[in-house]
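First chain A sits with chain B, and in the next complex the same chain sits with chain C.
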Partner chain A sequence: MTKSMHYAIAAIFAVSGVAIASIGVKPIFADLLILSAYYLLLAGSWNLLAGFAGQYSFAHVGLAAAGAYGTAAIVNAFGVSGWLAFLIIPVFTAAIGGLLGLVALRVRGVQLPLITFAFAGAFAVFLAAASDITGGSMGMQLPKLVAGFDRSPYLILSGLLVAAFFVIQNLVLDGRIGLLMQSVRDEEEVARGIGVDIFRIKVYAFMITAGLAGLAGAFYANYVGVLAPSMLSMSEMGMVVAMAVIGGLGHRYGALVGVIVIRSLEHFVRGFGAEYTLVIITAVALLVVLFFREGIIAAVGKRLDRSVQQRRWASAKAS
Partner chain B sequence: MKAIVLEAAGLQKAFGGNRVIDGVDFRLTAGELVALVGPNGAGKTSFLNLISGQFRPNAGTIVLDGHDVTGLEPKAAKRRPLFRSYQNGGTFGKLTAVENIAMTGLVRDMDRKTAETRAAEALRRVGLGPVADWPAERLSGGQRKLIDFARLLLARPAVALLDEPTAGVNPVIMEVMRSIIAEMRDAGTGFIVISHDLPWVFGLCQRVVVLAAGKVLTMGTPDEISADSRVREAYLA
Partner chain C sequence: MSAGADHGTKPMMDQLIVQSLILGLLQGGLYALLAVGLSLVFGILRVVNFAHGEFAMLGSFAAVFAVTSFGMPAWAALIAAAAAGALVALITNVVVLRPIYLSRMRQKGEYTIIATFMLSQFLIAATTVLFGTTYRNLPGLWESNLNFFDYVYLSGNRLVAFSAAIVMIGTLFWIVYRTDTGRAWRALTQSPLGASVVGIDIHKYANYAFLVSGAFAGLAAGLLAPLMFVFPSSGVVALVKAFIVVIIGGMGSIGGALAAGLLLGVVEVMGTIFVASGYTDAYGFALMIAVLLLRPAGLFGKMGRAI
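== the complex of A and B ==
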């Protein structure tokens, strides 16, 4: 795909949000779409960090939670507009991400997943314990961004945020940092040897993706209006990872495909109850990983590749 | 008198108690090509790793293009005049052939578009144009070595260190490599080339340095080295 096609895809999302909002959809369907935008931002940015920069951090939903609770905090305590949170919060979570990047520089192999996992766990415990501020498991409330029950503003916002995510991702992947990130992922020691500034690349990768996770969190807080520590549970992180992996880790549209597959599944199996939803999704994720190791996009790509080759082969034989 | 582009003095590197480079002095002038030969495990690659900054020496100094670079990381600006290739190709598996070569431009502050344009030219020059958009992991070992070699064309360095560039490469491409190296050498680049293909590298170099067990065993012209029985013994040791 050419560069302009990638930007066209971003534009399609921006326009779709407006279109869906003006046509109007059932509230349940609108909720599904709006929360899917939240998951796309999360799974997409985690895919950038893990799939493209090779940094397997499990603090990602923790960062989204930091962004969501941070939004509630500044809205409640300082009366800051929820809109302003979209600007402030990504800066805040990017700073936390930068610190995680510094940690990532000091650890090897499985240590990073473990440490980031512990970070998220500790944060969840803190949110539950500091119940006089966070409301603990009862939840922390904040006023809605747009008063009333009309979902159209959130649908429009969803489209814009998804479009913004793809624009940022395009800028990263098509720029210098995109290539440098991938070199660190593929062969860190060779990258260092040829002069890549590993320090800078890791810190930038963590900051950019943490900023996006924070943006997702700010959106979530502004939309849902009540936050509980369950938003950074282990199963939430597992869900985000599953989305990226099912679609294709390290593929530009991997998270998008994963979000569509998993969110649709969730929608159709929701009648069985929440606990079964997770079991079914885990089973599907396992099947995809077993049969298409590099995710759905790569599997479809190979199928197409093969049919093109077969056609060429056939026409070569015929002539 | 030609300018000295690289000077190493008293270089030492040990891993645990194992001294892999044990007191090496080395000097390279502009436009000079030195063949670095010696048995497997002699420390040839380790010597390049010290010069390129990938290893930190335990003792000794390295002066590159007039600047003391001892202990500096490979990313240091003072190391820009240096290029090195890798024994196993040093490619990034998921990146395409073009992107792999463009990396060499990026770390020299080239913008991505310029780097990729020049990388594509470099690829065509070594005969890999048709696989420009293939990920390196789908290429053969010889093709990956060729990608690594083509990076040299983007770097245009003062000093180039090549680690067994011809291993696994066919004779036609070896000839392409020979002509590119000769051209850059004559334009003033100083080369250290490790190779087990003695006829090929002796045809390019002015001087041969024989490394054995981390020490310089002997050095001389290709003719002198060919006649030296100690060299044969070192290879068989």
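== the complex of A and C ==
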């Protein structure tokens, strides 16, 4: 696909958000779509960090939770409008992500997931324990962004946020930083040898993706309105990882495909009850991880390539 | 009044320190038992096993069912816990991990993490469906409260758990340094390629390592169960503790895991008693950050390979 096509996809999302809002859908579908936008932002930015920069962080949902709680804090304490949080919070979480990177990236390779996992675990404990600030497991409330029960403003907003995510992803991947990130992922030693400042690139990758996670968190806080520590439970992180991996890690639209697959699965198996939903989703994710290691996009692509080649071969033999 | 209070607080303080030190060491022994298996597997296969906590969780469930459904005595429940943990670990290695490290994909280490992480999520979800989210309890081996020197109070279960943990870790040391299996493990730690050239069967010894790792995790969970509760997501807490221990102690170092486990236990109990209760899990975490900033490879780790 050409560069302009990637931007066209972003534009399609912006337009379709407005279109769906003006047509109007059932509240249950609106909910599904709006929270899918949240997951797309999270899974997409995690894909950017893990799939393109090769840094497998398990603190990503934790950063989104930091963004969400930060939103609630500034809205409640300083009376800032929820809209302003969309500007402030990404900067705030990017700074946290940078600090996290400075500590966690002192080790390399497989130890990074461990450390970020422990970070996220401790943050969850903090949110539950510091009940005087966060409301503990009772949750923390904040006023709605738009009064009333009309979901169409949120639908438009989610379309715009997804579009913004794809634009940022395009800018990163087509720019210099994206190439440097991929060089770090593919051969860290070689990258260092040809003069890439790998530590700085990794910290930048952490900051960019943490900013996106914060954006997702601010959106979540403004839409849902009640925050609880369960927001950053490990099963949430599992969902985000599953979405990125099912679509295909290191593929520009991997997270998009993963979000579509998992969210529609979630929607259709909802009737069985919450526990069964989780079993089915994790089982599907595990099967994809075991048997389609490159994700669905790559598996389908290979299948298509093969059938195209066979057809060519058949037509060449016939003539 | 103030003079009298001062006179009284000094020995009280000492007694509190002794009590919390002992409590911390007892807790730390179990953390070490949880973490050595993780460290062993990492040393041999370079696999960070995110499903380790679920080996522990399934082990404790096996212990509960051994007691409640089959009426076994408490010591037999511990054996059931170890056996269940070992079995699940072996299946994990053969079904999930071996295909990955036999493949030619890049970033294998990271991919095994994703695979074991998804496996752990699946096991938690499946256990929740099968057994529900009820908090279950397991009777201990020595249900009595002991009292030493008038001011040290301990539960018998804690003492049993600690002794078992130390014996098991001692056994592991013996295996690693005195048996052929241990020699093969150490060879694999140093160089998997070199080990296979001199005829060491990687798969066989990887299976052994997973069996031991799962058995230790299951046993640790079975010993912890009388002190805590048994529920499907209990493995997550166990995993966070085990990770903190191996990061502090140094990846792949068994002695490091023992020392770091004890240290973590003491720091947690001391922090809870002397700083603020309610943040128990945060103290170990602060310790981990400090170690990362000062000695990224852990207290006993060597700066590993350049990958």
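One rule holds for everything that comes next: the second predicted complex is superposed on the first by the 314 of 319 C-alpha atoms of A that agree within 3 Å, B and C clash if a C-alpha of one lies under 4 Å from a C-alpha of the other, contacts with A are read in each partner's own complex, and residues count from 1 in each chain.
Throughout what follows, contacts are C-beta pairs under 8 Å (C-beta built on N, C-alpha and C of every residue); 3 or more make two chains touch, one makes a residue touch a chain.
Fair warning: this is a prediction, and the values are worked out from it, not measured in the lab.
Visitor: Answer with first, second, both or neither: which of chain B and chain C does A:79 touch in the superposed model?
Guide: neither
Visitor: Give one of first, second, both or neither to describe whether A:113 is in contact with chain B, with chain C, with both, or with none.
Guide: A:113: touches chain C, not chain B.
Visitor: Per the contact definition in the header, classify A:191: touching chain B only (first), chain C only (second), both, or neither.
Guide: So A:191 only meets chain B here.
Visitor: Based on the superposed arrangement, let me know which partner A:271 touches: chain B (first), chain C (second), both, or neither?
Guide: In the superposed model, A:271 contacts neither chain B nor chain C.
Visitor: Which partner, chain B or chain C, touches the larger number of chain A residues?
Guide: Here the partner covering more residues of chain A is C.
Visitor: Between chain B (first) and chain C (second), which, if any, makes contact with A:103: first, second, both or neither?
Guide: second
Visitor: Touching A:183, do we find chain B (first), chain C (second), both, or neither?
Guide: A:183: touches chain B, not chain C.
Visitor: Just chain B (first), just chain C (second), both, or neither: which does A:148 touch?
Guide: A:148 sits against neither chain B nor chain C.
Visitor: What residues on chain A does chain C touch that chain B touches too?
Guide: 185-186, 189
Visitor: What part of chain A is in contact with chain C in the complex they form?
Guide: 50, 54, 56, 58, 103-104, 106-111, 113-115, 117-119, 121-122, 125-126, 129, 185-186, 188-189, 234-235, 238, 241-242, 245, 275-276, 278-279, 281-283, 285-286, 289-290, 293
Visitor: Could you list, by residue number, the parts of chain B that touch chain A in their complex?
Guide: Of all residues in chain B, those touching chain A are 49, 52-54, 73-75, 79-80, 84, 86, 90-95, 99, 102-104, 106-108, 111-112, 151.
Visitor: With touch defined as at the start, can you tell me which chain A residues reach chain B in the complex?
Guide: The touching residues are 174-176, 179-180, 182-183, 185-187, 189-198, 250.
Visitor: Inside the complex, what are the residues of chain C that reach chain A?
Guide: Touch residues, chain C against chain A: 42, 46, 48, 50, 95-96, 99-100, 103, 105-107, 109-111, 113-115, 117-119, 121-122, 124-126, 128-129, 233, 236-237, 239-240, 243-244, 246-247, 251, 278-279, 281-282, 285, 288-289, 292-293, 296-297, 306-307.
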